[in-house]
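Chain naming follows the written order as A, B, C and D, and within any one chain the residues start at number 1.
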């Protein structure tokens, strides 16, 4: 029909679909799932970092960390808004999250054990996120692409700040150096797994690429990321916990050691160190805030009535 | 009438009134007020010490402190029970406390600023309490007197433990010694004021003495206490913040410097450092526990019904 | 000189301790917008604290972090109100209402300080605190006129916070000696009362009829809440003496 | 030897951390009787912790307080369940149910340890833990069969606590190497499950259907809750190195 043809044409010329355009149900569903999952990740991702706000070891770092976690709340907001343009209200998405029905990035199910984790998360986790997200700035769905432009800009700022934290620690006392190395050791593999399963085991990727949502395969992005951090870790004078990283001259690609996908699946299935805790906290905050949201809604309704009368 | 005569006879021979005995309304009211005030003091008095349970600096001291605060809950229980024999249910007394209608000892409206306060409270506050309470073991109302016997036994144990804390600090580092001296400086005057206003300004004392509830006047007890701590502080190698303490050979009594009764009245009127906090905490605990007490009551009722049926 | 530094400490400590309290809310607020709003306020306050502590530190050759992380409880100069627990959202808002209306008057008056640094910090802070005022006043309205539950909670929250208002407006020898440099807290009370009364009137609330606590924070006599707060705030820095971050 | 000491640390840390958590309740319990009951349990646990830590310390010439106050988070050996926040009373009870039923099986089995000190500590502890079992089981009944609200809370509480049950029963090289001295945690699971099932059945509750967390406390990998708990617990002792109390 006409809608499908128009949609196909827009995709073919790599142009943008906007909320009022016709789109296939699968496209809409895929986007809602992906965008809301991304939004949930921002929101749940606040927790591991919020864990260190009260203990940040300098006022400057405390301020930077607060601002970063705040940015994540902001990202969550833009992304929920983008998803809402596809017809799913934020409340519904929140409820799915609280009920454990919606996914968020598995990386946030790991605990932040030391201050150095604030550095490693910035450098590795935000770094991986950026590799994933930069191509999404060109995603075929307009509101999503535009939200990602803003998100990416802030993320690269966060990544630099994370790197700075590690650099400071790497040049600090022996204990600080060890703290930094330990954090890198723990976050390295999970950050690589953020790109998703290997290409030969990633069934949905193909369709997303046809729709110009996804631009590169999981493995392509992962390899690019490994190359990037392999160079950067040298500046820190620290090491990645993987002695098989190398640039393959023949394929022109970066290679790395095997990843423990069984562990990844365990965490994905809900058996990570913090899955229960993250969800419980989100649910608790939501439930404890219910009376506040109700009050705000009741007040707004009263004000609206007053305005009508006047 | 006959009741009054019997009551008067019991008082005259310094024997004991029991719950089923006839007693004048004033006697009953005085006792309920005094016993419940004492019970409330035990309960509110848990807070300043509970403030240091999580931070106690050794496991032995942590255990001793927990046990002490636990004892205070126990004292609260006996005393509420004693008051209940006079016809006022514990729930009513608790509600009066929560509502700010009932008094408790003003001393607990001071904050515990350092660990040494655990020592000073034990030594001075419990010490003063004992001076007050030992004569109450002979109070004319039986259940009260018997409750006080048990309370006094435990209190003197607490006093010794408090003294030990101070002794350890006094023999410790310079910082510990200062901490101990500072605590004594802060708790000295409030503990003296625990005996109540000077005799020429204590209107209710006379009647209580006639009823054999009170045995010694406020000033008598206070003087006795000052003499006691004046000797004990020497063992600590510390000082009391009062250079006018002396034994008056002529009167045979201990004397001390003037007390700031205006401050006492401020605290009594609700304007002490912790009045608001203590009451808020008690109310919060009570309200947060409401659903638990309701559940326990509902369960007990169901069990009772089951037993009836069977 | 040391007196001005001592005064700057008071200002810095109020903001620092309140920011530390507000930091807890980030990731736990009733809605995302509030995670953002409360962290905004906390960030502003940390900014003010850093300016004041840096300035104070010049008198003793200490950095902002020396002062924030290496002073014990008795050397802190915060008022009791900022030390109070977060409680529920209403209580956090009640505390915020008091502090932001107080700080607005304070910084407005401080614009005229003959100490240029204080005046400059105040000039920046007063704009931000004006937003904090608006934020808390709006929430007082929403909560007091929202639902029955929110109104009950708001009333209770104000009662819980009000005993600690008086301390903010107490003069002492230090501020009296810094004539023209420091702001005399007592001179701010009338404007504070008037503006707060207007907010409460719009919210159909009364000024709570509760007794005042005597305070003492400016002399290092703190509420029982400050010790545990500092334990958490300082633990990491103190585990690594001399480290930079 | 050091292996037995390392094992004793685990036992001591579980009890110490749980006692520290329970200590918060004293003066805040739903009724006076519970202030007393919870402090009783906390006192018993502190007692067990002191015995185990004192014993562990003999291997390294350290006192119970050296171990309690001067080890960092990574050197603690507590399981995640004891580190969990108190939450509401139901959650505290749910945590207590799990730990006391686990400890009862543990200490019962430890009576047969060929290490006489461990066997002796277990002999004392098992009687006290038996009372803790009874206390928590009674409350599970009251809350689950009490009111609708209490039942909802009890169910939720069990769900929140259950992910941390599995870790208690994990074997590792250390316990395997201490054959006849340590109790293999896995051997306790069947009896635990059976007795817990009986309590839950009487309370008309199901074993929660939730995923397990992997734990790691025995290797020094802790929940995010332990750090702040230790900050508060250790702050005073660490301010006065070398002092005695």
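We adopt the following convention: a contact is a pair of C-beta atoms (placed from the backbone, for glycine too) under 8 Å apart; a residue touches a chain by one contact, two chains touch by 3 or more.
Chain-to-protein mapping (UniProt): A, B = 1,2-phenylacetyl-CoA epoxidase subunit A.
All of these numbers come straight from a predicted model, not from anything done at the bench.
Trainee: In the touch network of chains, how many steps separate chain A from chain D on the shortest route?
Mentor: Shortest path length, in steps: 1.
Trainee: Name the chain whose C-alpha centroid is most distant from the C-alpha centroid of chain B.
Mentor: It is A.
Trainee: What is the distance in Å between the mean C-alpha positions of chain B and chain D?
Mentor: Averaging C-alpha atoms per chain gives centres 34 Å apart.
Trainee: Can you work out the whole-Å distance between the CA centroids of chain C and chain D?
Mentor: Centre separation, chain C to chain D: 39 Å.
Trainee: Please compute the C-alpha centroid of chain A, do the same for chain B, then give the distance between them in whole Å.
Mentor: 58
Trainee: Using the touch rule from the top of the page, what residues of chain A touch 2 or more other chains?
Mentor: Only 54-55 qualify.
Trainee: Tell me, which residues of chain D touch at least two other chains?
Mentor: 227-228, 231-232, 235
Trainee: What is the shape of the graph in which nodes denote protein chains and edges denote touching chain pairs (line, ring, star, complete, other)?
Mentor: other
Trainee: What is the complete set of touching chain pairs?
Mentor: Touching chain pairs, listed by label, come out as A-C, A-D, B-C, B-D, C-D.
Trainee: Can you list the residues on chain D that touch chain B in the complex?
Mentor: Chain D reaches chain B through residues 16, 19-20, 23-24, 26-36, 39-40, 42-43, 46-47, 49-50, 53, 64-65, 68-69, 88-89, 141-143, 145-147, 149-150, 153, 232-233, 235-237, 240, 242-245.
Trainee: Provide the residue numbers of chain B that touch chain C in the complex, in ascending order.
Mentor: Interface residues on chain B, with respect to chain C: 48, 51, 54-55, 111-113, 266, 269-277, 280.
Trainee: So in the complex, the part of chain D that touches chain C is made up of which residues?
Mentor: Per the stated touch rule, the residues are 72, 227-228, 231-232, 235, 238-239.
Trainee: Name, in rising order, each residue of chain A that touches chain C in their complex.
Mentor: Residue list for chain A touching chain C: 43, 46-47, 50, 53-63, 66-67, 69-70, 73-74, 76-77, 80, 115, 165, 168-169, 172-173, 175-176, 281, 284-285, 288-300, 302.
Trainee: Once bound in the complex, which stretches of chain D touch chain A?
Mentor: Residues in contact with chain A: 73, 160, 163-164, 210-214, 216, 221-224, 227-228, 231.
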